[in-house]
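Which chain is which? They are A, B, C and D, in the order written, and residues in each are numbered from 1.
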Amino acid sequence: MADTPILSVRDLNKSFSGIVAANNINVDVAPGEIVGIIGANGAGKTVFVNMITGYLKPSSGTIQFNGKDITGIEPRDATHEGVCRSFQISQVFMTMSVRENLLIALAIARESGTAMLLPVDHPDLTDECERLMAVYKIDQYADSTVSTLSQGIRKLLDIAMAVVANPKVLLLDEPTSGVSVEEKFGIMDIVMSALKEKGTAVLFVEHDMEIVERYVHRVLAFYQGEVICDAPPDEALLDPKVIEFVIGTDYHSGGAQTEAADA
Amino acid sequence: MSSNLFKLVGRTVLAGGALAAMVATGPAIAKDTINVGIASFLTGPAAGPFGVPGRNGAELVIDAINAGTLPAPYAKAGFAGAKMNPIFVDESGGNAKQVGEYRNLVEKRGVDAVLGYISSGTCMAITPVAEELKKLTVLSVCGTPRVFEESNRTYVFRTQAHAVGDSIAAARYVLDKFKDQKGYTGINQNYAWGQDSYKFFDITMKKLAADTKASDNPQFPKIFAGQYGTEISTLSLDPAKLVHTSFWGGDIEAFVLQALVRGFFKDKQVISSVGGSAVDSLGKKFPDGVVMGTRGEYGLLVRNKDEPLNKWFVNEYKKRYNAYPLGPSYQYASSVLAYKIAMDAAAEKAGGFPTQDQTMAALKGLSWQSFGGKVSLSLADGHQAVHPVGYGITKWDKDKKEPSVSDVKFYAPGCIYAPAGQKSADWLAAGMPGAKC
Amino acid sequence: MQLITTMLLDGLSYASYLFIVSVGLTIIFGVMKILNVAHGAFYAWGAYAAAYAIGLAADNDWPDWSGFVLIFVAAILVGIVLGTIIERLILRKMYHEEEVLIVLATFGIFLILEDVILLVFGVNPYFAYQPMALLGSVKMGGIIRDVYSLTLFGLAILVAFGCWYGLNRTKWGKLLSVVIFDREISLAMGINVQMVYLVTFILGATLGALGGAYIAPTISVAPGFGIDVIVLSFAVVVIGGMGSIPGALIGSLMVGILRAIAVHKFPEFELFVVFGVMAAVLMIRPEGLFAPEKARRI
Amino acid sequence: MVSMAWNDKTIRWAIIGFALLAAAGWLLPTWILNNVMFGLARGLAVLGLLVLWRTGLVSFGHALYFGLGAYAVALLEKYGGVTDVFLKFGAAIIVAGVFGFLLGFVLRNYRAIFFAMLSLAFSMVLYGVLVKMEVLGSTDGFSVTQNTILGWKPDGKYPLFCFIVLTCVIALSAVQLYLKSALGHLTTAIRDNELRVEYLGYSVARAIHVKYLASACLAGAAGGAMAMALGQVDPDSMVNWTVSGELVFITIMSGAGSVVAPFIGAIVFEFIRTYAFELAPQAWQLIVGGTLLAIIFFLPGGIWSLLEKPWAKGEADNG
């Protein structure tokens, strides 16, 4: 952690009518760093992501991005700053085609106001759109209505739409949940290679420890709203607290993964 | 499609040519039947007490004229010899709808004339359209003086006197009969008719009895509101004894029912300018002692008038519809009759079937003996009728088991209308100069 | 003082009327999530049925008090017949549709029922003043009032209590709250949701009809008087919170009393008051003053 | 801009169709001309509702803007003596626009039934004011009889008809271009998923505000055009909740498939009503209500869905 952190979280707390969902969280993320967020259901992972991206306002604490305080800003302003996210349940425009989804995302991402007035089939937007679909390998579904596509494709689209605004920090909320086992690594390979060139810092929530082991530089383990471990993966996955409260003993004994993808 | 279009063009051109040829004064092509739109409330709260009796009155007289069974001097069959085919249309649904329907009557269904209309609101709305479409329109019931006082009309006539006379006569009647009344108030509907009715009653009272106190809280509920509990409370709290109302249709009936149980009529002297329908429909429930008008020599006030035309009308109406003719029945019948008289006269003068212009010329300034009494189109350059307006006091006749009125007094037109050429408001403000009572 | 008493009594009596009319609307919305425009037609049908029955009774020299029985009989009959027909034939096929479409369908039903009234009962007004005449009048706050309008107050309390009891103290009420909370879960639990909907709709329709039937003796029952009732009860229900029975109570009281004040002191604002309050409440508390607590879904 | 409009197939055909309509108007019997004119005027408001509907919003109070437009025209003529069609029409749009802009700040935060109810409340406030105020004509309303075009007083309604046709073409083209733009695609996007739109960096509230303003202006234009075409304004025909209900009815009847649909639907509606009224003066509501139910049950895509197939086929043929 030699560089100045791109994201810096200090003493972050959040409670919902008495229930503590985030307890004194302190995290720094360096530019380009890949961070895995793990924890059982209800451990506070999504709450954390929601606070960073402005969906929830923290009860106390600060979030700094690139030296600027972004605590409690609106999601759209977080996006403008360069903090983007994807969702556990893909948040895409279900009645539109993949291409239309991306075109809208691209038009919004253009800083100039007039981009919104251009017809969506304007070459300014379409060229970039075709390129993105190729990178994320969803070009063969370009004209399909999203509601007819598999979860895996929707996830890819969801992530592609989050990347359109060229974020400096990208938060992926369970990018592989609800996706078939065969698709999982495929998706992660596509996403990670696409992001690598850009030097984007990525924080992703994940239940599958194999994926965590393969892609991350660092692991944040959550339990009851607290970060109980913040270390490189080889270290973190052997931490007794992590084993007890997060991954269970089955993982290292080679048993089947206990935790099903979130519903 | 294209051939139809072609025919249409051809027809338009032909019609235009025919029209041009006809512009000269000669008589129009004789017709066996004429189509006339007759508008009244067929749905909504005013249908039962006003619209349908009005429609029936028109229907009765149209059938009699078509068959030639009307008593002398109107026994000649037909309208300038033609049978009238009435097209009855509904007046409810708001002014804008009525304007649209009026256009349809004239432009789509090609009527020769339009008769009827009850609400002052509708009359105000369709009058400019009638002028625009240049279609002879005879208004039957509506009362607001604004129709003719706001601007001169060419194509619109009204065979019913306007509301000013009803209000002046009401004021004169109460001042004649009830000297000491500690002031007056009113409950009237919040539109042209109600506003005008109370306004003119108010001004007349101020002019004729300056010491009588006007209430500072007269009520103006929305038309067809139906529930008047709160308004009745307000009126009850008011020290004024006289309560003027121009409620009509279902509103007067609802008001009477709700006020009756609360002993309102024991405390207050109510003057109703047009509540005649309620007297019949409520029967023995209707309180005695209410000052009741029928806006002319119509309905209750002339029920027993011994005149051949009136007797014929009352008897035939009763026979056919199993009820006494109400004010609107007379008013619609009167419009139909005036139209016949004008058509016949115009036909005689032109020596053939009359054009609309010829009929209008004959209608202008017409004076005729109608079913209840004499009516003259003497105001607004011969377009606006005047006739006597009377009031009486209601009393349930136990022996005959039907309503009756006592102390009936009619006021002659000269007493209650501004002379031709003067606006009613100005004339009233000047203290009704030249009124002959 | 006299004025205040009068305004209060007028307001309470109008509020009672509003409550009886709108409580059915709020129950249907609460359970079925349907904003039922046809409610105005139930009201009109109730009034017609009651007026017709009371008139018939009077013609056959039944005692005047029979009118009170007939009012309830008429309301229940109208509720069962119209409620069943509409729910079974039309609404049941639409539950999966968008809210708006259902509202529009009820609008269509309203238009049809309005004209069917004309075809069945004709255009002549009906009078059913016997119950009102029977109860006579009483002097309160310096002016004479009719006892009948005061009984509205009692009926409103009765209806309110009945609803409260039914919902909170009976098995049926518990069933209803499950269905309100989550339709899918109740289906999974084996509750006959279709039956619950049907009964709810009939109940709502009966209450709407009761409003009309009870008011019938005081008015001239004539075509077209259901239209204004619709928006008026919408206003009441929205102010209190759609689907909430205590809300309908509060909404009725607010509208009733404010309107009474307006009629006495500022007649021009009579209508403005009602809808002004409705807009204000929606702006400040969109869920209404007494909205049932909703589970937040992420 | 103009070439962009002409390149759009819908706009191109609409321009040709409306030009033919304007030409046919010269020959049409007056009553048909009138009904078409009323239909076109109402169609403008329905077009506005269509923009909202595509976002998933339904206003049960658009009679507010319809009425504001109509009354702006009537009051301007009555108290200001203004007769010029352009001025009156402009005033209708501006008045509706100003109110739409201001109320938009409130309504943009509302969805679903709450949006519908708050719109209804606002429109009924206006209704309550109009009905009770004598200076505003109370239930009678006003006549609108003087229509001049740049000082010329035409005889007959044909010039006004052409003016309304022209307005409709402009409005329709503008809405079509808008819907094709990224901003317009946001319409559907917002209906699908507001959360995502926010996370993409666009303010949903602002987007809805823009749409609301546009639909208010269109409804105001519709009211203004209607007032001039009909020659009469009054609260029950222009502002009451039944008018809003009718507008929503026509929207559903037309179908959301095309910007042309509102005009077709509104004209059809006008004729249904005319004939219902003529055939059954005591039961015309029954016919209108029955039509509504029939459309909901048997033609859920509206009238447009009947035309859509041949239209799409034509599209395919054109490549």
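Going forward, contacts are C-beta pairs under 8 Å (C-beta built on N, C-alpha and C of every residue); 3 or more make two chains touch, one makes a residue touch a chain.
Predicted, not measured: the structure shown is a model, and the values here were computed from it.
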item	value
Chain hops separating subunit B from subunit A, counting only touching neighbours	2
Centre-most chain [mean C-alpha coordinates]	D
Chain whose Cα centroid lies at the greatest distance from that of subunit A	B
Higher-contact pair (C-beta pairs counted), A-D versus B-C	B-C
Gap in Å, rounded to a whole number, between the CA centres of subunit D and subunit A	44
Subunit B and subunit D: spacing of chain centres that average the CA atoms, whole Å	37
Interchain centroid distance [CA atoms averaged], subunit A/subunit C, Å	51
Contacts with two or more other chains, residues of subunit A listed in rising order	none
Multi-chain contact residues (two or more partners), subunit B	42-43, 220, 222
Subunit C, residues touching no fewer than two other chains	115, 118, 123, 267, 270-271
Chain pairs that touch, as defined at the top of this document	A-D, B-C, B-D, C-D
Footprint of subunit A on subunit D - complex, ascending	4, 177, 180-183, 185-186, 188-189, 191-193, 195-203
Complex interface listing, subunit C residues touching subunit D	35, 37, 90, 93-94, 97, 99-101, 103-105, 107-112, 114-116, 118-119, 123, 227, 230-231, 234-235, 238, 242, 267-276, 278-279, 282-283, 286-287
Complex contact set, residues of subunit D against subunit B	27, 29-32, 34-35, 38, 131-132, 134, 138-141, 143, 145, 226, 230-234, 236-238, 240, 274, 277-278, 281-282, 284
Subunit B - residues contacting subunit D, complex	5, 8-9, 12, 42-43, 88-90, 93-101, 103-104, 107-109, 120-121, 124-125, 127-129, 132, 190-192, 195, 220, 222-223
In the complex with subunit B, residue positions of subunit C that touch it	2-3, 6-7, 9-11, 13-14, 17, 115, 118, 122-125, 127, 129, 132-133, 135-137, 142-146, 148-149, 215, 217-220, 222-225, 228, 259-260, 263-264, 267, 270-271
